[in-house]
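Shared between the two complexes below is chain A, which pairs with chain B and chain C, respectively.
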Partner chain A sequence: MAATRKVKIGTARRTETIDIRVPETEPPIWDADAKLTVVGGSYPRLDGAAKVTGKARYTFDINRPGMLHGRILRSPHAHARLLAVDVSKAARLAGVKATATFESPTFFAALDETDESGKPVEGAGEKAATGPRRILFAGEEIAAVAALTPDIADDALDLIEVRYEPLPHVVDLEDARKPDAPKVFPDGNQRPATVWSAGDVEAGFREADAVVEATYTTPVALHNALETHGAVAEWQGGKLTVWASTQGVFGVRDDLAKFFKVPSRDVRVISEYLGGGFGAKFGAGVTGVVAALLAKKAGAPVKLMLDRQEENLATGNRPDSVQWLKIGAKRNGALTAIHLRSYGTGGIGGGAGVSGPVRMIYACPNIKTEEQDISTNAGFAMPFRAPGFPQGSFALESTLDEIADRLGLDPLALRKTNYIDRPNKGLMEQYDLAARAIGWERRRPPAENAAAGPIRRGFGMGTATWGMYGGPPADATVTIHSDGRVECICGTQDIGTGTRTAMAVVTAEVLGLKPEQIKVVLGDTATGMYSPASGGSVTLTSILPAIRAAAELARDKLFRAVAPALAAKPEDLEASGGRVRDRVGGRSAAFTAAAARLKSALISAQAARADNYPGVGIESFGAQFAEVEVDTGTGRVRVLRIAAAHDAGRTINRLTAESQVNGGVIMGLSYALLERRVMDAPTGIVMNPNLEDYKIAATLEMPEITPIMMDVYDPANNAGVKGLGEPPVVPTAAAIANAVSNALGVRVRDLPLTPDVILAALARKEQA
Partner chain B sequence: MRRFAFIEPPDLAAATEALARGAGKAAILAGGLDLLGEMKDRIIEPAAVVNLKTVRGLDAIRFEPDGSLRIGALATLASVAAHPRLGREYPAVAQAAQSVGSVEIRNVGTVGGNLCQRPRCWYYRSPLHKCLKKGGDVCFTTVGQSRYHAILGGGPSYIVHPSDLAPALIACDARITVVGPDGTKDLPLEQFYVLPSVRLDHETILKPGEIVTEVSLPASASADGGTRSRFLKFREKDSFDFALVSVAVALRLQGNSCSAARVVLGGVAPTPWRSKEAESAIVDRSIGPRSAAKAAAAALADASPMSHNEYKIPLARTLITRALLETADQGTGLAPS
Partner chain C sequence: MARLVKRRVNARPRRRAGILARQAGRRPGPVDPHRRVFLRLHVNGADHTIAVAPHRTLLEILREDLGLTGTKHGCELGECGTCTVLLDGIPVLSCLALGLECDDRPVVTVEGLADGPTPHPLQEAFTELGAAQCGYCTPGILCAAKALLEADPDPNRDAIREALSGNLCRCTGYIKIFEAVELAAKRRREPRAAPSRETLFGRRD
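Right, the complex of A and B next:
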């Protein structure tokens, strides 16, 4: 049954009350009027001490009695037929306990992504069931061994004899588009274009006072989570336990159950601590399957952790992009049309689309987007923190700045002119907060900066948005023990964002306790409490409403147990400040004393995430402003400061939310300035599958970052919480590139902004 | 990594003997930073590793009564960077040592190891590419990715020499001492390095069994005010990176007039690259923005960029100009003109 509830939504600047339909069983939404005492504070991570002292055990730290070490042999060829694999010599090496070969073209087919009808998703891999397996990129898995030590496993790989028939390959995006390019898939390299449109862009351009068009490029980026992919697998009597470095324990469980044809109840997946994922660690993947396969063959636990090179060859990437953008605007900056044409390669995978920002951020009556995936003989793409958005944001925001320059408008004013207003949206305030923090009034037109000598300073900005809402299924249990201990249980994983602590904050809010008094149990499918994978910024939006509901049910049970002792009605009780209090009679008891009244050892309540409330849009927003310094003699870009104002609906833990913003900015900065996968076209091999030549910004590249978390009261779900995983990475590169262009007086249209790109842009300007 | 014999010689004689016995299959271990990388990537698979750290007395930094300086091959980069008198008299050398890698690397890395380190070229380091330097028949940079490669002195291989210390030491007129089965050699450090057109399998004249034991520098102080030096390094990122271009400049100045100059570039050629063109453009002239820029242009006049590294030319020009101006106290070249 649904009920209509009044909800006060908005921001500190303005609120309004609306009616929404919610399931009757839902607790009241934490809206603008909610008086919360724990939620919104700043709390250090509950596991912070364990992490910095090394007590936290990551997958790499798991060691089981009798455990073996697995290693994978990979193809050195970018494209080849796999004719024969002979592991007999390896199998005979002393200390080798199991070998496996992957000669069948369908060996890993059970892992392929399928659409709703069960049909493999286009580009997910070749499906030919007969003939020799075709190897589609350098780094594909050929065989594996498990041995007593990692060294023996390495030696065993050398003894595996493989016969390949090399085939012509193509790894370069532009080469792959040529008609005579080697075909990655039988139907060619150009996947069908995705076209989306609203209004009439040609009419829009005719109305425009200024039209700008330009082509932008972005590189293939690699996730490079600190912890590589890997798993420890152990079979006991037909049941499988896997410790996995994963952002989705339930997905790993289901993949393994499917691959090994066992019921999912016989597979347990544990991920108590995770060294990052960023989108590359959904599902069991080949690594998880091979670990479990070797363990099964050897009859012993197997640890299989990838090294950095493997990580950068075969576990995912962010596709590159070539984006042609044409934007028209009236003299006052009002947009009349945006036309985007783009293509990019996710290797043998897809996902090169970039149109999200164009379609979602600014008001424009006429928009057309045409996007195309190009197949190449390279490792498959995986979702990478805000898939498509950092690329799309870079091109869109750059072109908008170009329009603003052309029309003599302030870039921020141009964004405000094209603002899409909504009551539950705080972006206008975020613009003002971040602009004030960076000192936007110091921005000068490019021509004035160019007179400043070799070191030039510039300012730029960009807008963040993200629109995944989370949802069911997500289940949680809250248990109150008669000695006062409280457990919050959800199988979800903490990808590093502070999920564990946020779970405690919400439970503590409901029970009137402190977050550190809550014991959080997560990262284990055996809890039975389902959670979606931690991707798309949906973890907290999915699980916190369930946790809050479970905590309220548990609290109400406690109230019923303790009410007689306080001579109160259960509905008059409240829990706050570590006490249970009668709002009417005024008597109170300490929480532990109340728990001691329980007639059982514990009370436990379970609740499920309700559907998203119908008819409410709940995107997250943000605004980032950058101040940079560019040395025109060397082409060096230094980012001096980034101000980033964001919202995640109601902020749960201010400290970890700010950390999330810092992390997104750091990742976006690194993408803007340094990161690019380099492919050797003649050999089809990745030249920088390491952290020396795949350059990632580190301590000395860090700017001063000002994270500003703003509360937006949104009817998102009963906790009023929205996603913050992806938004902070969306506009960073765009803001930096705009600041660089502002400093130099010439557009920089290619990421990353390494010295060669800057010096070439300056040379172009000199010629012009 | 393959298994290997680990040899801990008591003295230099035993070390050279062990290396000679290894007949090219024995490797020298000092700090081990480069060696371990090469072994892990299986670029080399030595049968024996000879640990020089068991030989005493190779890590001294010592000023002689005549003011000259001797730096043992096993002196760490950190100790070079932190030596007060060295820093005063050979600032370029201290600055170069300080610019290497990270604190951890400088604490472990040695002077000898830095001078003898192998190229960072991604084809050389790739186990999947049998390049010219590894006995293959193609320098892959000529058909592939060359953004970090040579613009001067290249061919048939286009690696760049990665050492920061070498350009600084050559600018300060260093000599190097090599001990081997045939005795002891002492030669200018500049002549220690050889272009790939002369030798492909190594960047130095070192033969199997030979060990670098010391570098020495002539006295810096003199009646006419001495030699001033400076080292500038430019990299894509400041945290843990090799030079895209570095430059070491040593000048003998009278007032603002330059009576002698050494200009040595790193990161642009298969060896540390001494630019006599830049030197003669600046000698007997007073140093200012125009003369410095002229010298910089002269240094790059013969540069021939590859497909992806043309940017190194303006970059090197900027660094040379700035290093000259800064060394002569003529500002940083950064102020508005």
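Right, the complex of A and C next:
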């Protein structure tokens, strides 16, 4: 049954009360009027001590009695027929305990369709294929061994004999679009375009006073979490236990159950600590399946962790893009039309679309987007922190700045002119907060900057948005023991973001305790408490409402047990400051004393995430401003400072929220200035599958970052929490590129902004 | 057209040595799989006498032979810094150091930073300020930072950047790491020092 509830939404600056329909069983939403004492504070991670002492055990650190070590043999060819694989010599090497070959074209077919983004990740379109398996990229899995030591497993790989029939390959985006290009899939390399439109862009351009069009490019980026993909698998009887480096324990469980045709209750997946994921670690993947397969064949536990090169060949990437963008605006900056045409390659996978920012951020009556995936003989794409958004944001925000320059408008004023207002949106305040923090008034028009010396400064900005809601199913249990201990249990995983601590904060809020008094159990499918995978900024929005509901049910059970002792009615009791108090009579008892009144050793309550409330839009927003310094002699860009104002609805833990913002910014900066996968066209291999030639930002590239978390009271769910994983990475590259263009007086249209790109832009300017 | 393709050799150290030898036109020397050398390692104040294959790296010995998994495995190529430990008090990449080189020299890993039950000021500051996010790079960064504080008890931000420039982190954005090192440096002089409210651009509210 649904009930109508009044909710006060908005920001500290302005609120309004609206009616919304929510399920009757839902606790009242933590809205603008909610008086919370724990939520919103700054709390160190509960697992901080484990992480700084080396006690935290990641998948790579798991060792089991009698454990073997697995290694995978990979194709050196970008495109080939796999004619024969002979592992007999390898199998005879002393210490080798199991071998496996993947000659069948459908060997990994059970893994298709299980990728979180809904994209086929392995041999798409070849499911019904017969005959020899076609290898589609250099790095595809051919065979695997498990041996007593990693060294023996390595030696065994050398003894595997493989016969390939090399086929012509194509790894370059532009080459793949040519009609005579080698075909990655039988139906060609150009996937059908996705077209979306609102209004009439041609009419919009006719109304415009200024029209700007340009083409932008972005590179393929590699996730490079510091812990590589991998798993430790162990069979006991028909039951499988897997420790996996994963963002989704339940997804891994379901993939393995499907592959091995066992009920999912016979598969247990554990991930207590994860060394980063960023979107590349959903599902069991080939790595998880091979670990479990070798363990089954050997009858012993197997650890299979990828090395850095494998990580960069075959575990995912962010597709590149070529974006042609045309934008029209009136003299006052009001947008009249946006037309985006883009293509990019996710290798043998898809996901090269970039239109999110164009469609979501600014008010414009006429928008058309046409996006196309191009197939190449390269590793498949996986979601990479805000899939599609950093790319799209770069082209969109760049073009908007160009229009602002053309019309003589302040770029921030132009964004405000095209603002989409909503009561539960704090973006206008975020613009002001971040602009003040960076000192936006110091921004000069590009012509003035260009008159400065060889070292020039510039300012730029961009807008963040992200709109995933989370939702059911997500389940949680809260248990109160008679000795006062409290456990919060949810199978979800903490991928480094602070999920564990956020769970404790919400439980502590409801029970009137401190977060460090809550024991959190997570990262284990055996809890039975389901959670979605941690990706798309949906973890807290999915699980915290369930945790809060479970904690309230447990608290109410405690109140009923303790009420007689306080001579109070259960409904008059409240829990705060470590005590249970009678609001009417005024008597109180310490929480532990109250728990001691339980007539059982413990009480436990379980609750489920309710459906998202109808008619409520809950996008997260943010604004980032950058100040940069560009050396026009060397072409080197130094980012001096980023001010980033964001909201995640109601902030749960300020400390970890700020960390998320800092982390998103550095990842965006790294993408803007440094990262690019380089493919060698003649051989079809990745030239920089390592951290020396594929550079990611380190301490010396760090600017000063000012993270500003603001609270927005939004009826997103009963905890009022929204996503923060993706938004901070969305506009960073755009803000930096705009600052660089502002400094130089010439647009930079190609990421990453390496010195050659800067110097080429300056040369273009001189020629003009 | 002939093209020079730089094929990287990314494999376990012994295999890597063999492949490099073959690429240089030499046959890798015969490897006796049963050959062992005795090493005396002083790790975190404890003595271990172990027999290991001579090609074994310090990282392999720590993680696989001594069970000290606090030191992390990130790339085994000396590129990411996650395996940083202290050898004679100097930060080294344990994935590139052979166990043989460490014979009879003191090694300190993340497990050895605390003084008994008392955590090192760096460990406290990293926990308090949230400088460990996913935590995978943390053990290596703590070791590098400890060496910095031993050499320079009051490092400025640039000295910290420089000292930690070989340690990659993909989560935190480094800011909280810098702040934690600064706080730990202060706490070593003044145990109850509070985190700084100053930033490069003014005060934090």
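Keep this in mind: the second predicted complex is superposed on the first by the 755 of 768 C-alpha atoms of A that agree within 3 Å, B and C clash if a C-alpha of one lies under 4 Å from a C-alpha of the other, contacts with A are read in each partner's own complex, and residues count from 1 in each chain.
By our rule, contacts are C-beta pairs under 8 Å (C-beta built on N, C-alpha and C of every residue); 3 or more make two chains touch, one makes a residue touch a chain.
Since we're looking at a predicted model, the values are computed, not measured.
Look at A:M667: by the touch rule set out above, it reaches chain C but stays clear of chain B. Contacts of A:R636 after superposition: chain B is touched, whereas chain C is not reached. Of the two partners chain B and chain C, more chain A residues are in touch with C. Using the contact criterion defined above for the overlaid structures, shared-chain residue A:A3 touches neither chain B nor chain C, since it reaches no partner. By the document's definition of touching, both partners, chain B and chain C, reach A:T699. In the overlay built on the shared chain, the residue A:P682 is in contact with chain B and with chain C.
By the touch criterion defined above, A:A203 lies against neither chain B nor chain C after alignment on the C-alpha atoms of chain A.
Shared-chain residue A:I420: touches no atom of chain B or chain C. In the superposition on chain A, contact of A:L83 is made with neither chain B nor chain C.
By the touch criterion defined above, A:G276 lies against chain C but remains apart from chain B after alignment on the C-alpha atoms of chain A. Across the superposed pair, chain B and chain C both touch chain A at residues 151, 154, 680, 682-683, 685, 687, 692, 698-700. Listing the residues of chain A that touch chain C in their complex gives 44-45, 47-58, 60-61, 63, 150-151, 154-155, 158, 224-228, 273-276, 278, 305, 307-310, 437, 495-498, 641, 655-656, 658-659, 661-667, 680, 682-683, 685, 687, 689-692, 696, 698-700, 702, 704-706. Put simply, chain A touches chain B in their complex at residues 76, 138, 151, 154, 451-455, 631, 633-636, 673-674, 678-683, 685, 687-688, 692-693, 695, 697-701, 754-756, 759-760, 763.
By the touch rule above, chain C contacts chain A in their complex via residues 1, 3, 5-8, 10-12, 14-15, 53, 63, 67-77, 79-80, 82, 109-111, 113-114, 119, 122-123, 126-130, 132-139, 142, 160-162, 164-178, 199-201.
Listed in rising order, the residues of chain B touching chain A in the complex are 1, 3, 120, 122-123, 126, 128-129, 140, 143-145, 147-148, 234, 236-242, 244, 308-311, 314-315, 318-319, 321-322, 333-337.
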